[in-house]
Structures are given as structure tokens and as C-alpha cells.
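Have a look at these structures, which come just after this line.
Two complexes follow with chain A in common, the first pairing it with chain B and the second with chain C.
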Partner chain A sequence: MRGFHKPVPATVWALAALLLAGAVVLPFVASPFHLRLAQQILLFGGLAVAWNLLGGFTTYWSFGHAAFFGLGAFAAGLLGQQLGAEFSVAARLIIGLAFAVAISLVAAVAVALPVLRLRGIYFAIAMLAFAQILGEVSKTFDLFQGAMGFPLPLLKFPGLEKVQLFYFLFLLFCLVSVAVFVLVKRSRLGVGLTCIGQDEDTAAMLGVPTERYKLVAFVLSAMLTAAGGVLYVYGLGFMTSETVFRIDISLNLILFSMVGGIGTVAGPLIGATIMILLTQVVLGDLLDLHMMLTGAVLIAMVILAPKGLLGLFRRAWSRRRLAETVEATP
Partner chain B sequence: MNGLVVDSVHFAYGGARALEGVSFQVAPGEVVALLGSNGAGKTTTAKVTAGALAPAVGSVTFEGQAVSGLPAHRVMRRGIVLVPEGRQVFAQMTIQENLLMGAYKERRRARVKELLERSYETFPRLRERRSQIAGSLSGGEQQMLAIARGLMSEPRLLIMDEPSLGIMPKLVQEIFGLIRRIAGTGVSVLLIEQNARASLEVASRAYVLEKGRIILEGEGRALLEDEFVQNAYLGAEN
Partner chain C sequence: MTLLTIDSLTKQFKGLRAIEEVSFTVEPQSITSIVGPNGAGKSTLFNMISGYLKPTAGKILFDGRDITGSAPYRVCRQGIARAFQISKPFPELSVRENVLVAASFGRLGVRDPMATTTQAIDICHLTPWANQPAGSLSIGNLRRLELARAIAARPILLLADEPCAGLNEKETRELTDVLSKIREAEVTVLLVEHDIKAVRRVSDRVIVIEAGRKIADGAAADVFADQTVIDAYLGTTAS
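Right, the complex of A and B next:
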């Protein structure tokens, strides 16, 4: 929206292009282990960006985004089973993606109408409960096969290993998330959401259609999350309730955003990179310590850098500039 | 009547009755003061009028059309703008961004530019500090910003809830002078105030609200002389 956003500087474009070029070359030079790490960073980084569509602008923090992740996965997985081998794997994946996105749109609207009226902590708890309920339902009814789980067909693409192929799919997903977020942030919708985040009642007084904007942000976020869930289970090749309706997925999206910087596009990606490298590489052999470390990082961030690493950098940068101008003045 | 007509409005927060049949009118271009002590229902009246709360019974009509029951963002598009109590500026946004938010409904860029320019002419101090974070302003300056932001949406009725609350005396005079100027441009003003004396001096008419009911109404000057008002709201002064 004019007046709120400057044009993207050339340096940022150049940096983004450089990163993208690196990301495209990576699967042809990196080892499968590193590629798997990169896959996770792209997928969960992209999901964290999607979470930010609502949680980054406003104080509506969903603690249950795994609900949409799992819902998408189950919708696509079960539909793929029904379609059967008459359809190619790629066709099943694409139809599944469309179906998952459509289902999550309906579910998000249905859940948002009552739940988005709750503010702050009540919204967070309601979303947490929603995810738990979906997880239980998928396990309890045999129709959904969530307790036993079921396999997903193997997607192939000529000339690419599986790990490379899914790397590119996750990269594409991450790019879509980033594009949606940037477009929203720079639009009237994003400005309105930012105001809702600061003072919802005043925003409404100034003509921001608060209910509609929250709904749109929530639904967009849910649809992207569902698409991420579909790609995730196709990458695994097998799914149960436990693999998708995971509370640690919901929490990690918040954690990554907080570590990097909530409400920014680079923040969640930086957060995901740092946390995934930290837990999988540095502590790769100490699986038991992951959750402990995650908790410690979260507490440290809340106390030391509530605006995330990007917030820290920005503060240091503006201090340096201030120091320079002070020195420059005689 | 062309202006604002509030007709026997009732409102309750849960079981607590806040308004019990409030009726008043504001004619186009008129400044009307709404006086009353704490808890009389002034802020609730402001919120019901601006659409932040929907009345349980009764109606709010503006320029001949019912606005009660519409969501706040629709009511403001009809020309009613509330400058809320406690100067709710967006503390983490710059001053200019706050002002631009006032013109959020306006999609014509040229018009937004004009409005911004007009705003800076009225409030030169805001121009100097336009790229500062609004939270860094003093209380009085934030109040000015909140009023300027309200004016950016070109209201035909401006509701001001306690604009002088917690503001240093010198600025209070400035704010009441500003209210006069706003009314001079043809905007109706509903002024909700504890500062009864200053309000009655700028208002052409006033209503006194107590325990959710209008107990007195009259011309501003006349109420200044009224014995009851003097005792209850003006304090014992020689």
C-alpha cells in the first residue's frame, strides 16, 4: 500500500536472486544427508512463513496449525487411494493438492467463524484443541485409516533422484509461501492486519474490515499449510495420524518465527535454518536433547530478543547509524 | 432531521445496564457536549453511536439512515468517526503512517495526498516529526495525532471521547480551540468530556448523562449558569 512500503531495494532483489540460484544448484552438489536437511528447512520454513500470515501481523497466534497440515495430508492421501492406479502418481498428487486446499478452505472458514472472535490466548487454545480433535478423529474412525496408516505412491521424475525431486517441490512450496506473504504484506490487507495487531478496535473505527481481514489471512494460511502437509507425506511415502497431527509441528512454526523475527518474511526462514541445523546437525546424535534445547532457545529468545534475530540486527544497525551521525556532527 | 439522531438507546454489558433509554441529537455543523461523571455511560454512548457496540434497544440514525447494528468499519464509511478515549494511536507506526491509516477508506491517492497536506497545515508539529514512531510523542501530541487521524477520514460527525483527559493545561486550551475550528469547517462534533466548563463554552448545546439516562439538556451557556450543573460538575467556584 502506498505510503507504507518503499519499493524493494536492488540489494534485496540481488540477494534473493543469489539465494534462489544457490538453492537451484544445491541438489546437484550436496550429499543426500544435507539435501534432506535443506528439504526440511524449505518445507518448515515455508510453513512458518504461512503461519505468519495471521500470527505475524496480529496477535492471533495459532497453536494448532498441525490441524491443517494433517487435514491436507489426509484429504490428499485418501483421495489418492480412491483414485487408484488408473491415475498417474503425479495426477494423484496434483488432484490431491487441489482437494486438500479446497477442504482446508472450507474447514478454515468453518472454524474461523467462531474461533476468530476469541482474542489472544483463547484463540491459541481453541486452535490447539482443534488440532487435537482432528488428530483423534483421524485415529478413531477406520474410514480415515489414521491409526494404522497407509502408504502413498512413489512420485518419480525422469533425471531426478527422489530426494532431489522433493527438494524442488519443497522449494516451490517455499517460494509460493514467500510470494503470498510479500504480496499480502504490501497490500491494503497487510496494512489493515498490522493495525489489527496493534489495536483491533481502533482499526475497525478507521474503516478496516477487521472480521473479514482476519478470516482471509487465516484461510490463506490454512490453505498453504494444507498444501505443505500433502507434499510432506508424499515425500515420506507413508502416513499415520502421528506423522501429521503433531503438536511439535504447530509449535515449531511459532518457534522458527520467533527466532528469526515474527511478521517478517526472512525471519521464519532464518529461524527454520538455524533451529533445524542446530537440532539435526549439532545435536544430531543426542535426540533426547532436542526438545530441551528447543525450549531453552525459546525462553532465551523471548527474554533477550522478542523481535527475533532480525529485530536484533535492526536495532544494532540503527544504533550504529545514530552513532555515525552523532560523530559526523561537529 | 439531517444530523445524528440517537433514539432511546439501551445497552448492557452482560447484566450491567449501562444505558437506559438515551436520546439526543446533533444537528449538522453543531457542537454538542455530553457531560457526566465517571460511569455515567458516556463512553458507552460514544461507542454505540460509532458502531463499536450495537444497542440492545433503540436506534442510531445519521443523515436519515439507520447506522445502529452496522459494524464499526461500515459506520465510519457513513461519516461518523470516533476519536477514542486514551488517544489510541498506533504506537509502533510512524506519525505519517498513523495519518494515512485515517484515510484508509480513501482509495484515490491524490485525495489522500491532499488530506495529508491539509493535516500537516493544521498540525505543523506533526509534519516535523512525521517519520517518528507515534509512541515517542507526548500525551498531548498523541491526542493531536489521534484527532488529526480522525479528520483524515473526512468525517461529517466527529465524536471525541475525553480529548483533554490527562493532558497538560496549556494543550487543553489548544484542543478546545481546535474543536472550535473543526466545527467551523462544518463538521458536527459530539464532545464527551469531564472538563464541563471548557466543553460548555464551545458547545452550542449540551446533555447531562447520569446512570445511563439523560437527566438534563440545554444550551451550553444556559447550562453554565444552571445551579445543578454548577454544583455537580463545575465545582464550587466563586
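Right, the complex of A and C next:
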């Protein structure tokens, strides 16, 4: 929006292009193990970016985004069972994605109307409860087959291994998330959301339609998360309630954002990369330590760098610039 | 034609009747002041006009339209802006960005946010601090930022809630000058203020509220000479 955002500098474009080129080449050079790591970084990084659409700008921190992740997965999976043999796997996936996004739109609006009136911690808890309820419902009623689970058809693409194919799907998902986030951030909506994050009453007083903006951000975030859920279970080939309605998914999205830098586009991606590499590679053989380390990192970040690594970097940068100006002044 | 009509407005909080059947009108391009002791219900009145509280009974008409119970952002879009008594800046945004938000949203209609922002910052003498984060300003500057933001919303009616509270004499004078300038820009001002000197200097009309009721309404000189007002609010020293 005019006056708030400068044009994206050429160096950032160049860096983004370089990263993208690297990401496209990677599946043809990396081992399947490393590719699976990259898959997770792209999927959960993209989901963390989507979470930031509301939680990054405002203090409305959803602790239950797994709700939309699971809702999307179940919507697509169950609809796929109803489709006849004449539908190819690719068609099932695309129809499933569309259906999951539509269902999550309706669900997000229905949930937002009461829940977005709650502020701060109450919103967080309400979302946590919402995710738990959906998880229980999917397990309890046989209609949803969540307790036993069900398989999903195997998607194939000529010339690509399965791990490569899903790598590219997750890459695409991540790019869509990033694009949506950047567009929102640089628009009127983003400016309004930033103001809501700083002081909601004041924002309303200055004419920002706070209720509508929060709703739009929440719904966009939910729709992207549902799409991520669909891709995730198609990648697994099998799903139960336990694979998607997972509280650690909800919490990781927040953790990744906090580690990298909340409210930024690069932050959640950096956070996802660091945390996934740390827990799966460095501590790959020490599964019991994962959660402990995750907790320790979270506590350290909240105390030492509440704005994440990007915030830390920015502060150091502006200090250096200040020091240079002071030295330059006679 | 009157700009704002308050028609037997009442607000009941559980056992307390904060505002009781208050009626008055505000004429376009005037400065009207509301005065009264602490707890008289002045802020409750402002909160109802700006949409934060829904009245228990009564009507608020603005520019011929019924705005009773409208959401705050709608009230702002119609052309009522408010400067809070306790400054509520967006602390991490710069002074300029704070004002720019008001200029980019605010009243509906044709906008030129950049020009409006520069002008509002200039009128309120904030140019030297324009690029500082709002969270780093002093009280006097914050108060003027609050006003700058309110006028950048291009209001027809400005609600100013004790803009002079806690300011010294010089700062108060600067601020009342700003208020006069705002009126010259054809903005109507409704002011809640304790500083009687400031009220006398700028007001076309004064309304006195005590314990939720209106007890006087008229030109400043007449109202402050009224025996009921002296007894209820000013005390004997003011005469």
C-alpha cells in the first residue's frame, strides 16, 4: 500500500529467484532421505506462513490450526471414496482440494463468528478446543472412518518418483502460501491487520473494518491450511484421525514462526528449516529429546528474541548503521 | 441545519445510570465543549457517539442519519473521528505511518492520503518526529499525534477527549491553537475538557453535565455565570 511499503529491492528478487532455482534442481540431486526433509520443510514452512496471515499480524494466535489441516484431509479423502472409477487419481486430488478448500471456508466463517470476538488467550484456547472436538468427532462417528483410517490412491506422474512428485506439490503449495502472504501484507488488508495487532480499538476508531479484516485473514489462513492437509495425506497414502488432528502440528506452526520471526514471510520458512533439521538430523537418533528441545528453544526465543531470528538480525543491523552514522558525524 | 443531534440519550450500567435523558445539538463548524466533574458521564457520552457503547435508550443523529449503535469503524467512515484522552498510538509504527493509517482509512470519499498526512503532521507541529516510532514520543507530542491522526481521518465532526489534560500552560495554548486551526478547516469540534480557561478561549458553546444530567447549555460567558453551574462544578472560587 502506498506510503507503507517500498518496492521490493532487486537483491531480494535475486535471492528469491536463486532459492527457487535451487529448490527446482534439488530433487534431481538429493537423496530420498534429504528430499523427505525438504518436503517437510516446504509443507510445514508453507503452513506456518499461512498461519501468519492472522497470527503474524495480530495477537489472534490460533492454537488449533490442525483443525483445518484435518478437516481438509478428511473432506478430500471421504469425497474421493464417493467418486467412481472413471476419475483418475489426479482428478480426485484436484476435486478433493477444491472441496476441502470450500468446506474449510464454510467452517472457518462459522467458527470465526463467535470465536474471533474473543481476544488473546481466549481465542487461542477456543481454537485449541475446536481442533480437539473435530479430532474426536472424526474418531467417534463411523461415517468419518477416522478411528480405523482409510487409504488414499497413489498419485503418479511420468518421469518422477513419488518422493520427487510430492516434493514439487509441496513446493507449489509453499509458493502459493508465500504469494498470498506477500500480497496480503502489502495491501490495505495487511496495513489494517498490522494496526489491529497494535491496538484493535484504535484501528476501529480510525475506520479500519476490524471484524471483516480479521475474518478475511482467518478464512484465507484456514483455506490454505486445508489444502496443505490434503496434499499431506495424499503424500502418506493412508490417513486416520491421529495423522492429521495432531496438536504438535498446531504448535509447530507457532514455533516455526516464533523462531524465524513472526509476521514476516521469510521468518516461518527459516524457522521451519532450522527446527526440522535440528530435530530430524541433529537429534535424529534421540527421538525422546525432540519435544524437550522444542520446548527449550521456544522458551529461549520468547525470552531472548521475541521477534525471532529475523528480528535479532534487524536489530543488529540497525545498531551497526547507527554506529556508522555516529562515527561519520564529525 | 444541525450536524449532531443527541436525543434523550440514556445509558444504564447495571445499577448505575451514567447518562440520563441527555439531549443537545451541535451546529456545524462550531466548537462545543462539554464540561462537568469527574464521573459526570462525559466519557460515556463520547463512547456512545463514537460507537463503543450502545445506548440503553435514545437516539444519535449525525448529518441527518441515525447512527445509534453503529460499529466504531462505521461511525468513523461517516465522518466522526475521536482523539482519546489517553493517547493510544500504534507504538511500533512511525508517527507518519500512524497518521497515514487514518488518512488511508477514515471517512469515506475522495482521499489523498499522502497530502492529508503531511498536512495533518504539519498542523500539529509533529514534522521533526515524523519518522520516529510513535512509542518513543513524549506526552505532549503523543497528545498532538492523537489529534493529527483524528484530523487525518478527514472528519466532519471531531470528538476531542480532554486534549489538554496533563499539559502545561504553553502546551495547552499550542493545543488550543491547533483546535482553532481545525475549526478554520471547517471541522466541527466537540470537546470534553477540564481546563476552564481553555474552554472559555475556544468554545462557541458550553454544555455542563453533572451526575449524568445536563444542567446548563449556552454561550460560555452565560454558562459559567450560572449559579447552578458554580455550585455543582466550579465552586465559589471561579467567580
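The rule is short, and it goes like this: the second predicted complex is superposed on the first by the 329 of 330 C-alpha atoms of A that agree within 3 Å, B and C clash if a C-alpha of one lies under 4 Å from a C-alpha of the other, contacts with A are read in each partner's own complex, and residues count from 1 in each chain.
As a convention for this text, contacts are C-beta pairs under 8 Å (C-beta built on N, C-alpha and C of every residue); 3 or more make two chains touch, one makes a residue touch a chain.
This one's a predicted model, so the numbers in the text were calculated from it and none came from an experiment.
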Fit-or-clash call for chain B and chain C when the two complexes are aligned on chain A: clash
Chain B versus chain C as contact partner of A:G84, first or second or both or neither: neither
Touching partner for A:G159 - first (chain B), second (chain C), both, neither: neither
Contacts of A:V191 with chain B and chain C, given as first, second, both or neither: both
Which superposed partner A:G3 touches (first chain B, second chain C, both, neither): both
Touching partner for A:D201 - first (chain B), second (chain C), both, neither: both
Residues of chain A that lie at the interface with chain B and also at the interface with chain C: 2-4, 188, 191-192, 194-195, 198-199, 201-211
Contact set on chain B toward chain A in their complex: 50, 52, 71-73, 76-77, 81-82, 84, 88, 90-93, 96-97, 100-102, 104-105, 109, 112, 149, 153
Residues of chain A touching chain B in the complex: 2-4, 188, 191-192, 194-195, 198-199, 201-211
Chain C-facing residues of chain A, complex: 1-4, 188, 191-192, 194-195, 198-199, 201-211
Chain C residues touching chain A - in the complex, by the definition given at the top: 50, 52, 71-73, 76-77, 81-82, 84, 88-93, 96-97, 100-102, 104-107, 113-114, 117, 149, 153
